[in-house]
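We just call them A, B, C and D in the order they show up, numbering each chain from 1.
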């Protein structure tokens, strides 16, 4: 299957919830929740692409050529690529139910493992969604990061235990789901994350713990103080608070505040290897990609995930070639210009 | 009644003067005076929404959760909400006469009192409009702020006396009406406010006095020097001077100039709880909302006012939840980023 | 006649060269030379309105009221208004010939004199256009500023002598016509203005001399050093060099460079009293208005000029009322904010 | 032939690959490679015109007039004009084959030589394209700069030898072609340029050597250190890396870094004499023009090249006249304002 065939197929099976647009920028689905859009005015989603598009990249081809290496170390393992599949749930509520949660999670975990990366997997009201991914993560040797909602502490710790028992190499928690309307409606209490609770979770988790939904330097410092392995700088795809800035726009000050105390992941509007490059230059260690992987999985299952991953990797390597970056650590802030 | 029903109903009864647009931004009514538009090019109105929309809000959900408190103290009383109904007159001239001044003022005063807030009430040529609100304010235990035009001093003091006798907890004066064309046409002289006169009014008013229509730090300092209780930073809905900036854009320098010598109210394009949050972060103590309350009253009377108030309050609480603000004093400038 | 009637009439008689647009912004006539447009891309014209529109004006109505005085002193005389009619020629070439040069100059000089101001009058190949205005200026007691092209020096001095003999109170020279294509085509040599020649002209002119078409601080300083009475900061209506900035945008640095050594006039996109106010706040002593006066004269002759002048004056007075400016010297840079 | 006739004719013969648009700005051909568009989003092309259009030029006509001299010295020779024809290949692949490489190169070399300038000539897979220009350069007394691809070193040195033997006065190398997809597809290995290799090439070339495709100060310094004669600041017409800035926007910092150690050429969106002026003011010594010369050659052969060159020269002279620049060295940064 080619990228074009996968997107064409996805357009058929995802209608009308997602249009698998040529550029996935949050305009066609503006304000559609449930659905795949951004909340309210939709600006928290659309601003992501506007910000990424405004960044210029500086070509530099006068350098000693050599092999390009896109690998990085996380959780004591080495990965071939610096971008991963973001946690995506609600196949029935937000998408149109063409894939079950099981089918999607299998495509996500297996497709990413076969690509030299891994998937973050989702949580939701009820246990089924969270558990859907665990067997695939176990089968993949722990390659996967289950992502739990900010439930009350005991339930949250229970979820972490399940993940650890499945061999998951780390656990994330999308703390910004405390404003998620779907969860409110389902009567499942979720909460902001107290720094004390966070420290307790980190201490008892037994695996690296990564809060997702950090947008300020102050929040990131609290996560570092609590002993977290990393954070995901994220506005939850623009779905939990209107008028958020592009997460990647916050990277420079977050990196300046935490130095190398945390691994910094980021998501929000990332579509291409060029976008991955820009996020790394802004200060991220690695990048999460959401909606395009949903399209890839709907259009081609695990193979769709592999094909799209390959496309993004090829793009990233092309940009690295043209900017004199042989390793990810060469992708420094001076490689870009803010608009 | 739901918000949607109220707006739908308002669209019927307010045509053609006001279209109760999905986003009330001054475009459909540009330049319509009499009517509900901004003066001249209409930019003094449209710039308000453009400025508010350009502000980004920083999510922060790593904090100790707790009850959210949106209350504040004004005039020695405690209110549940930090946003109030702006003075709106001209039901016949600017609106289409579907509501009488009495009907509108009743909906305004009663609806706001029932919502834990209060209404500013209007003045106009003739005594009828000014007096229309007073019985309702009296019945509500003084919950209401009659707003007088900048008449010659004795007439102005007479109006204040009437308001005080009705038990009104404070009086405002929209000093920027000195440029109002309707008043000019009606042959009723209005004037810029001399600082000496202002000091005399404050001294004799017997209730807190609040000039409305202050756009510069220098003006605000003059009001503080004259002993005013507060000011309303306002461009009169963009109706008295073309090419004014968004009032909220002036808040940081006005706050810096007056510190806590004045309570600072602001209006101009505020539509949602997100907008209220942004205004408070910019330096306001409280916010006035105008045109949307006119729509709410036309579409649902006092109940319309309550339903819309509830909507804005819910939105404000959601933003506070997602930004780590438990009280209004937590809504500080670092919670936002200017565009 | 009302302003609306005048513009309506002008639309009939000026077609197709000028459309007397609701806002005269250089878009409908972009690139039309001969005609009334800006040169090339037309940006030197359109940027004028974009810049003026981007300026915000700060309302301030807490002040001691009093009479508003819009008068200023120039050439030892006192004028009621700080805006004047710019030199406009080519009634046949650029406009459609509905008015003869004589008819236009009569309307210009008489209309402005009756309004408490004066007109700059034009020059062109041949002597007829230049001489058309002189009898009217003489009859008006010298109220008028003939504006000569930058001919070779002896011809230029001859023109000045004629103007002086007609009693003209001053003479201007649109030095930027050295790039005018119409003059090139007519085989009439025009030249950049040598500083030495300029000093010689000033010395022998016998009347105040004002170069028009100065866009830099360095140029203005050269004019001051040569003894000029003033300069007109102008890009010739955007008709002689593409991609010029808005003349008024250069005022702050030009004023800073020359202090009060020169009277500074400015033109470029000025349409309303609000625009006049902004230009004065940016540093001008007085303002020239071009195309709208052409429309006014075509639509109503001298009366059209008077009616439009009255409209602009009323607008200026309204802005002064709302910003606490009682005299022109109160219109200082702090009254505006650059966009 | 007039400019208009040439463009009209080109529109016929170049369809559908190039539309010879009124303003060649990369919009109609966005993303068309093969074809004449920019890569990917097309922004690396479109940003060039947006940046050039955003620059304002400061009129200054108070100066001592005199002859305008647009000549400059390069390679020990004197040229009448400071803009040259950029290397353009792929007449069959990118254009529609209406001209053979021979026909185009002849028009380019002869047309530019007859205009007091010279052409850069192209390279491509196979030897035919590179060699097509050499006889014409030889016949023109060496007026031409063959531009080689960044092949492996021995092949590259062979190309330089051929150019030198044809008497070419200099050789360029579009080092940014290391990312060119057409070459990848043709199985011809191209590489980033190692600084050591660059120094070796410069030492053995026997003619001045000019890397083309330098976008950073650091790259330019490496070229200076390697002994290059100059560099072409270029993003290859926006065809090799998406999201590049406008090359001319990088000129100030590149000039600051290398001083006069290098001759600095620039290309990217240059269409008019106004654009040439802006590039020189930004810090370039000379300018390359690409696509418009392709249109000129398709529409009129060598005469088309001459007519377009004359047009650009006339425009440049007009701008110099209106800005007080009598020689190219007068075109300094203070003549422009960045947007």
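One rule holds in what follows: a residue touches a chain if its C-beta (ideal position, glycine included) is under 8 Å from a C-beta of that chain, and two chains touch if they have at least 3 such contacts.
In this text, all values refer to a predicted model and were calculated from it rather than measured experimentally.
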**OP:** Count the residue numbers both subunit A and subunit B use at their shared interface, divide by all numbers used there, and answer same if that is over half, different if under half.
**Re:** different
Original post:
So how far apart, in whole Å, are subunit A and subunit C when each is placed at the average of its C-alpha atoms?
Top reply: 60
**OP:** Could you grab the centroid distance between subunit A and subunit D? Build each centroid from C-alpha atoms only and quote it in angstrom.
**Re:** 42
Original post:
Could you list each pair of chains that touch, in label order?
Top reply: A-B, A-D, B-C, C-D
Subject >> Residue ranges of subunit A touching subunit D (in the complex, touch as defined) >> reply: 53, 55-65, 274, 318-319, 321-324, 337
Subject >> Residues on subunit B engaged by subunit C in the complex (per definition of touch) >> reply: 40-41, 43, 47, 150, 175-176, 178-179, 191-196, 198, 211, 213-216, 218-219, 222-223, 235, 240-245, 250
